[in-house]
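Some notes on the structure that comes next.
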């Protein structure tokens, strides 16, 4: 199989580096273009800030010369697939331009998540929404497929198997890692020995994205899921891994064992297709009383190519019509770069695009 | 007014030191006895470990010689009032023995909190429960009055004014400070850069203590409040201050402004009696979008003698029949030593005991 | 005594807020002008970011309207004394302009520290260097007096009394707090659970500033002290307080007791003049084996108006011709705003300037 | 080659777990005995606390049943080689008893480090000291070989290649990770946002162990190296990796480049023998200005079996007769378990013992 040339936009940030790590020696994609801001342009990727941080990269990837983040640079590189780690302020326009030029964009930016024709995709949850991308292909020559907000990535993954019990309401409090705000997004002065009970716009994203992802495709439209979501988001002094305290309300009592079985037994198309970045078991249920803990569980996921792609659930408790538990998701892997790469793997296997 | 002699049991721990700080130059009580484990016995308090940690104490308190934690030592000191910062494993028996000897015990230990005749007292919430202490006085010569669990101290304080809207259910996720486990209770290895989503027995305490405190006195018994409580407790790398993400369910919609008004306008007997440790305004409502934050808000409370005795609420949001917010309570002050001192001030002013 | 009107340039940063705190209700100075960047201009100081962070300020200071950082704004306010918390990139030019206009500038910026006619002043160390400011007055109508680098502030203070033993060499490793880099200067991602063994240009500053401060005035020039200084600077995840591991080499053995006596007994002109911000005892020697520790000792200094102005020395050990110890200095108080205010107090008392 | 049966004493602590990780599927040794305190005895290793912490272990090692820490238990297991992670209070006696029974003990405990016949061994530094173990074999049937203190492990490794320039004095300030004190050795309350400038007995260990390790074998005795060592030790809120600020004094100037070349080019017997746990390059010299940093560099060492066995040097600066730099050593790998395993590999290859 000939690999398809791929670009990573915004390669120097925390998410950009995860893209580079995941695409380095990827079986489907060949990393052929890395872009960043002016400061890094013209340097070998191995000499940029990102490389100072000990990424284990192949010589080939390390020697890629960083280009400027423009449509022209991407086109010139011959890339057909684009992974975007750009901030939303930049991503919105550029991604539209690249779609117009017939590229296939898998983006971590929030700009187009609520666009009616853009799938907000988590392969284990709503693979059917890929049909929207086909609509885009009809209208443009390319498409944009987004991943979800990093907290939502974990939340939607555990809610999906629980839909069999009928979801009425979800109360969720997040403990979000500093990497979620980017390398310089949280000042040490603000967070050391502290919890900040606020992340701008995050609660609204949790609400609307979860409802869209769990929604059903009706013709060319997504009809949002009807469950009520009560989110409260906070930042904690943890490096990687968004922990979430979740309480789900059902119409009638469901046992903790029933929930555990539904979660740990769940697999979906990515597992059936054995996608390279898909974890064998996407939801792990921890029995130890004090887990999941971010530093211990954040990298969950087998095989090695799927590290950080499984979410971990623990402390399952049932009380009346409620079931409560803690959930951990790797925010820059499953909740960002890894989620996009898995989206691309699925889209490729489902023949939404090919190399040329 | 002649001050009443008081003892602090377990003076060297984090809560014991707060007791010493609060009772040093207290207008009602005279600190005349400090007890600790064998290692410190015979030393001046000013030379113990506690003093190495920069407590600003009067010369008189600093020069008290630490006694062993026994009933005999307390009786010998002439103390009539006992403040207990003992671990539950030790407190249970000793507190009963001291009550039998006619002492008035205000304890932070959990041992007797659910005893039917023991008031689980928060002066702004359930001063009426003091009637139980009168029952004890009839049966014994002394009494035991307990404060609540440190998380409950904040939770019950904010739920009380909301009972006017009728409470149906409360979902609460705690972010508890390491001081809540005592000075050596949490190992740095375990918590640095981490969140631990488990505190042994804590969720059960939150549930049952809150229901008792909000309960109503029916004859000589407390009838628990009927609201449902769904607690999830975690430990975070914060030194002082238990933050809580709270979502309250009412029978019908209540506006965030309505909640804010009910909270910030609330005062009760401690304020009317101008008790020394009572904050002028027990619940502060923060308008800044990213508050309360533990290091910035934990010491809330005016006047200076009530620092750490007010709780702070922020991010009030209304959604359907729910209202959600964050709450911060100083766990070793309002949730421990300060709570007990305020209990003693109230009991004294209500003439449940006197100096001799 | 009529107070002299004073301005603080750059009032919203960590150092600027310390200036505001120290000058609020100062006996010599009246805070009449606060400047900041465009974002805050026109707002009451009490409504800016700085105020969101719980500064206890008088109503008068809180209601000052923030002006833009320009010479015109300062002149218009009628301020005669200027305290500068500006970054070096901005401070250089503006301070020269203000001096030209006859103002008396006490700055924390590094821009003019090595200017031959500018005293790099620590009142307890080199009050004689004030003579340089008189030279400036002859040439311009105003003057610039700088404080030292925040690490040097502590180092020079302890080296001064040790000059009686003759200083040959000093090896110093710093553990610098994040506040030293400003509120957003250190990203949480970079420092959490880490030590960064590098601070740009810091070692060179330690070397040259210490040699100038300890130098002797020869005519209109400072002749640098001859001791060798071997600095290694690092950043640690501590909020306030630069800890330093110092090893001093003498020509012959000096006992630890001799050092302790020389340090703890030392006072100088600020103490003799009872300057408001001068600590009664500028160098405290800690006997506890594990001190100084930043959170416990950073605010050392009596009376209350001198909190954070004393430095603390501990773990004094003598070995051959060397004496080693740890030192702690509050970097944004003694090492920044407090140092400048003390400089102004000294200059005023020495009649280098007056109100009008 | 038949593997030699090996025991790990104290398998549940941080060092014990590193032993288990390193010996799991080791080419020379077969892990056949794990001991711990009573609490864990009788459980499968995979069910003890240690296992809760995500050690990636073979099924064989995970299923070993933990024995009590006694000589009898070790003898019964058939182990010939013993790796000890016991605390010094327990290790002293038991190790003597096991030596008497003819076992070969490689210990991390400090109890016997200064015994005249016990080599304080770092294979890259003083392999010649193994001759002392032969003396022990003559006197007893077994021997004890100790590793050094965790800070010394790094310090001696970098000083060794610098002996060619003649070492006169070394000033060293350590920034030691919390893992150095064991999992519960440092309380979060004490270290969060803090630096503690004291570790009991550590400075004396740095002085005397370094001088012994760099010493020369004269007959059956080690003659200590004559250099002066001025150590100052501190604890920082870092999980793994002891950073050290080191300043070396030579008789005459040595360039930073000369030092870098001497360090990075250095190899010794472990490299020549290709011992499994020996890093190809034991000292890495980092060019990036802000390195080494514990979280980024602590696991240095190639191949994979030698991760954490290389030390990293950075910020090399020359000034007069001094050369200063920062050093990082993984304290529980190179400075503890890994050091002992490498010692055993060397002793085996040098035929000091064999399987039977």
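First chain written, first letter: the chains are A, B, C and D, and each begins at residue 1.
Quick note on the criterion: a contact is a pair of C-beta atoms (placed from the backbone, for glycine too) under 8 Å apart; a residue touches a chain by one contact, two chains touch by 3 or more.
Given the structure is predicted, the values throughout are model-derived calculations rather than measurements.
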Chains touching both chain C and chain D, listed by label: A, B
Distance from chain D to chain B - Cα centre to Cα centre, in angstrom: 47
CA centroid of chain A to CA centroid of chain B, Å: 43
Chain B and chain C, separation of their C-alpha mean positions in angstrom: 41
Multi-partner residues of chain B (at least 2 other chains): 192-193, 237, 239, 291
Topology of the chain contact graph, where touching chains are joined (line, ring, star, complete, other): complete
Footprint of chain D on chain B - complex, ascending: 14, 178-179, 183-193, 237, 239
Touch list for chain D against partner chain A, complex: 52-54, 192-193, 288, 291, 296-297
Of all residues in chain B, those that touch chain A in their complex: 171, 173, 175, 193-198, 203, 228, 230, 232, 234, 236-239, 243, 245, 247, 289-295, 314-315, 317, 319-320, 322, 324, 326
